[in-house]
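Some notes on the structure that comes next.
The letters A, B, C and D name the chains in turn, as written, and every chain counts its residues from 1.
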Amino acid sequence: MRRIGMLTSGGDCQALNAAMRGVVKTLYNSGQQVEIYGFLDGYRGLIYSKFQMLTGKDFSGILTKGGTMLGTSRTPFKTIQDPDENGLNKVEAMKQNYYKLQLDCLVILGGNGTHKTANLLRQEGLNVITLPKTIDNDLWGTDMTFGFQSAVDIATDAIDYIHTTAASHSRVFIVEVMGHKVGWLTLNAGMASGADIILIPEIPYDIKKVVDKIEDRNRKGSGFTIIAVAEGAISKEDAKLSKKEYKKKLAKRIHPSVSYELAEAIQKKTGIEVRVTVPGHMQRGGSPCPYDRVFASRLGAEAGKLILDNQYGFMVGYRNREVVRVPLEDVAGKLKEVSPDATIVQEAKLLGICFGD
Amino acid sequence: MRRIGMLTSGGDCQALNAAMRGVVKTLYNSGQQVEIYGFLDGYRGLIYSKFQMLTGKDFSGILTKGGTMLGTSRTPFKTIQDPDENGLNKVEAMKQNYYKLQLDCLVILGGNGTHKTANLLRQEGLNVITLPKTIDNDLWGTDMTFGFQSAVDIATDAIDYIHTTAASHSRVFIVEVMGHKVGWLTLNAGMASGADIILIPEIPYDIKKVVDKIEDRNRKGSGFTIIAVAEGAISKEDAKLSKKEYKKKLAKRIHPSVSYELAEAIQKKTGIEVRVTVPGHMQRGGSPCPYDRVFASRLGAEAGKLILDNQYGFMVGYRNREVVRVPLEDVAGKLKEVSPDATIVQEAKLLGICFGD
Amino acid sequence: MRRIGMLTSGGDCQALNAAMRGVVKTLYNSGQQVEIYGFLDGYRGLIYSKFQMLTGKDFSGILTKGGTMLGTSRTPFKTIQDPDENGLNKVEAMKQNYYKLQLDCLVILGGNGTHKTANLLRQEGLNVITLPKTIDNDLWGTDMTFGFQSAVDIATDAIDYIHTTAASHSRVFIVEVMGHKVGWLTLNAGMASGADIILIPEIPYDIKKVVDKIEDRNRKGSGFTIIAVAEGAISKEDAKLSKKEYKKKLAKRIHPSVSYELAEAIQKKTGIEVRVTVPGHMQRGGSPCPYDRVFASRLGAEAGKLILDNQYGFMVGYRNREVVRVPLEDVAGKLKEVSPDATIVQEAKLLGICFGD
Amino acid sequence: MRRIGMLTSGGDCQALNAAMRGVVKTLYNSGQQVEIYGFLDGYRGLIYSKFQMLTGKDFSGILTKGGTMLGTSRTPFKTIQDPDENGLNKVEAMKQNYYKLQLDCLVILGGNGTHKTANLLRQEGLNVITLPKTIDNDLWGTDMTFGFQSAVDIATDAIDYIHTTAASHSRVFIVEVMGHKVGWLTLNAGMASGADIILIPEIPYDIKKVVDKIEDRNRKGSGFTIIAVAEGAISKEDAKLSKKEYKKKLAKRIHPSVSYELAEAIQKKTGIEVRVTVPGHMQRGGSPCPYDRVFASRLGAEAGKLILDNQYGFMVGYRNREVVRVPLEDVAGKLKEVSPDATIVQEAKLLGICFGD
């Protein structure tokens, strides 16, 4: 008998259910006796021992369902060792629950924050397997994370919708795309939707270059311009500030995002009407796209296989179109950014896309 | 030889191209000689004589295209008789251009503002036929306007996306839906997506009732609540203010929409995390839905027939599933609102939806 | 305490779950004690007493789900009074189960065949309420049936997909659309997708007129033609045959549908390559469109209200945008066809669409 | 001045326009003088000198458009050296037109057949750059072809639609997926849609194993089974036949595809109702998915760069997420198949999917 704990942590995204289904189907199909303990609402469920026993039926029909059947929460601690408000040591609580339920392994689905905690639990001696979930695609050690392509699809749809309005009204439209501190999502959705300007955190932008591009388009008779802006985009000026100074500046903004500031600057310099659209949380929702369903299922299956082989301490990742195992200590705390020299960026520039640099 | 002028005015929406294609195909198929003058960017094109001669080719392949091939603008005058910044009398300018081009008729596609001007031109002696375009469905004299169902589809998708995230995180989500001063769009998108609370301008809401509903859901174990809020929604308190006082209050808001104010109130009273999503201009964009394509084509065909019959001064509307002609003077300046007693509202209440009243 | 039986019968379609949810939510929200008995696989469940007790939980999250949670089957009898293979009188069996479970009412969701049986049960003294479900929109007494608009959306998508291929290859493409014996689905999907020729059962076609239209398009430089053909379309020649003769002819066809025969005829007469696409059962599947979700929810709510008012013997229908009750005896056995003189057909002709007549 | 010829050949697919836009935007943005000659309807345009001069305007707004703006045709010769019906040597004709127009290079977008001809033209001394277009993903030398992911999306949607119907009616559903002689499309769409059985050409199936899986599902209470069948799937028995014998057998089939034969066999052996759905050409149509838009744009940009660098004789391919150049002689005449031992197949089996082997 194998006892497997499972939890999803951090912001939800598409294909979490597909990935969990992949793990569980693989375990059940192995012919071995398996018990699945689903912890609710991320690490909270493990800390406070809130869980459900799951059976095959629970995983039927969830391949195409968005969200996570287990619920999730942002990691509920700044420092994981810190006691909670009742003085409970959270790491100790998780360990105790793990041992009390006689778990053979924890399967943890999450992004960067989640992986730090997962690695800590591994260091504390628990058997851990992780799966790379995030619409940001910013996890180190894997070419791809599930949720990403689904989010690209939704953000692209959003910009496509805006396109017809922008063209009809001869306006500048800014669409703010998610992606946390990296530009993967914006870069791909921007290229997919024919955005004229793409601004990402890895390439701080010069407002003059942005304005030049808009005015150049107007001169050539394209009365409108579409700008895809990453939520983490930053101007060259702001990039020179210290982290502390920048935080202070952000705190003073009425809108926390850079988009409205950018809109104001463009409107002031060009006199053209600028509109901002922020699809926001929509980008995490809905049914996973076919790419993500296949991808998450594959990762889930390989995670199941690792468990059957008693191989722990890995994130199941993807490199060169093959599923690979990546040691957890290599993943935790690192960020996979868009290199300003990446070929995809060079190609986008060949196509005439302006990055403001 | 018939000379037909055509223009689209006001905010763009889906199926404008489909409707114009319907008019033009009908005229061409009649076997009569026809010249189509497409005025650019709404009434501006007519005032300043900016137009394109259009041929059959221009209308090929546009049935499914969003936006408007002619461009559009909000009516560029407060009072239409007012001179522009160069002292030009705009109404006179439009009349002169109409007569100079020896037009037989103007086909005008637009919403409420557009219809006021169209009626004025009719009073001035021009031959006018209008088509009811707006995602708001607030035009008097017609059961339906094109753009509406397409916008319902997009707004519903948006709430569907949010649904999975809301459920995964046990949050309250407010999705702000367009619709100007009426609730049609929010009511339909809210019902279609299973929103728990729907707030529309026609039914001012009591914040206590909203909070009660959220807390009732939590008691019953549904950790999340979805609220569809019309951009024009208003609280009972604010509804008691005079127009002037309310405008003053709005002007003081950081966010012009009611959604953020509502979010703050709910968070304060329930302690539950509340998130706001504003799909915004996305709701006007993209390819028209099949319903709108058929509907706009039908209206366009009937407008073409009216022209062939030399029948002018009408909006082509839709009542009881049949296309009808409505005298322009009956349409202009009226608003079609959701009656708080409408059966669809009663039915929504039977389903358990809270309107905050 | 009210005991309500519920079943879905006939071909499945979109929004069956939405409609059932509407009924049940209305009953539960009434504050009265209610028990819901869901009979499985259509009338079979009622005949053989296969059912599930359903609770509020079963109806959570099904608004957007395609298919039917109760399963369905085609009416399993030619003559309902006929005994089954074990000599069981099916009508008697249904009555006995109805009384044994002390039901107050049966809610039956179905199309034409289903309504005949439902009316028979009413005549036998059972309390029956029906809801008009069919992608064919051929039910008498209601302007609209749920499933229809969702099927229009899918069929339109199918033709849209084919459009790009047809245009790229300069071919004639026939897309066969469902709709049983009527043309509503084909007419709407054809108009929505810009089909050049639409062939429906109500307007028998002359192959010469079809070929003329194709050749006329070629002369004008449109190298391709899209034909939307209803599965029940019929040529003028075949329409002259007696029912028996036509059935014989159909039986000899390799492909039961008219599309392949039509394709061969066109290819022979024009020499142009013709391809046939049959989306088939896809048209009944997937999540209901927003229109159908609202519509089915409204009908369900009104059915719930009828039950609370002890009003039985009605189909809940839709006329002039309002939900109405239609006596079952008026519905059963009638067909709502497209009139060849309907204004929508006239409008389609104004747009240049050829019906082959 | 650079003179670039461009043509699309073979079955059309999504993102052909996006790829051509990528090439042309890169050339125009280089600041060099460029003339683009678009040959119509594949190699035919080059043979018979049918072409259009294209300008920047022609490439505006086509990123999201399906099909090919140049038209296409299947390679119009069995042996390319063969004279056409008027005795014209086609290869010579293409060479002459190439030199007459003083072309610097031909950009050819196509699949396997197209690449054989492209390589021949290269051997004849023409400067050729190719781009890998096919929904089959069967081109050697590249991990991915554009059109593939869009087709996966459509085929997955089709199976998703069928899912609700199959579940509601307790039937077996066969969905026939395109893919020519390889199983990539079926494998991915099948995994994405949760198909229970996937049959591909590379893994001949044993009908007994297929039937066992269906019966096993029924025993476990899943009343329905979804089978994704590649159009090139083959039974173990048929795989033993010589090519000639198999062709003979195919010729005798009423339906050329294996699906109907398979359906009959299953129905006979299980008694369960089996339905076949063939989405067919729909899979090549419609707007490219965001993945394909980005991917095709990237390949197009790199093709443009090769031209600017005077590098010819390559297919622009994709390996390990980077765009690469592959010598044309290495590509032509080879097929990229699914290995029965591929990890993705192993993973699918871990998930419980039956391949009939």
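Observations, loosely collected:
By our rule, a residue touches a chain if its C-beta (ideal position, glycine included) is under 8 Å from a C-beta of that chain, and two chains touch if they have at least 3 such contacts.
Note that the coordinates shown come from a computational prediction; the quantities given were computed from them, not determined experimentally.
The chains touching chain A as well as chain D do not exist; no chain touches both. When chain centres are defined as mean Cα coordinates, B lies farthest from chain D. Computed from the mean C-alpha positions, the centre of chain C lies at a distance of 35 Å from the centre of chain D. Once the centre of each chain is set as its mean CA position, chain B and chain C turn out to be 31 Å apart.
Centroid to centroid, with C-alpha atoms defining each point, chain A and chain C lie 42 Å apart. Residue numbers of chain A whose C-beta contacts span two or more other chains: 160.
Pairs of chains meeting the touch criterion: A-B, A-D, B-C, C-D.
Those residues of chain D whose C-beta lies close enough to touch chain A in the complex are 22, 25-26, 28-29, 63-64, 143, 149, 152-153, 156, 160, 188-189, 191-194, 289-291, 293-294, 297-298, 300-302, 304-305, 320-323, 343-344, 347-348, 350-352. By the touch rule above, chain A contacts chain B in their complex via residues 8, 12, 41, 65-68, 71-73, 154, 157-158, 160-165, 167-170, 173, 223, 254, 275, 277-286.
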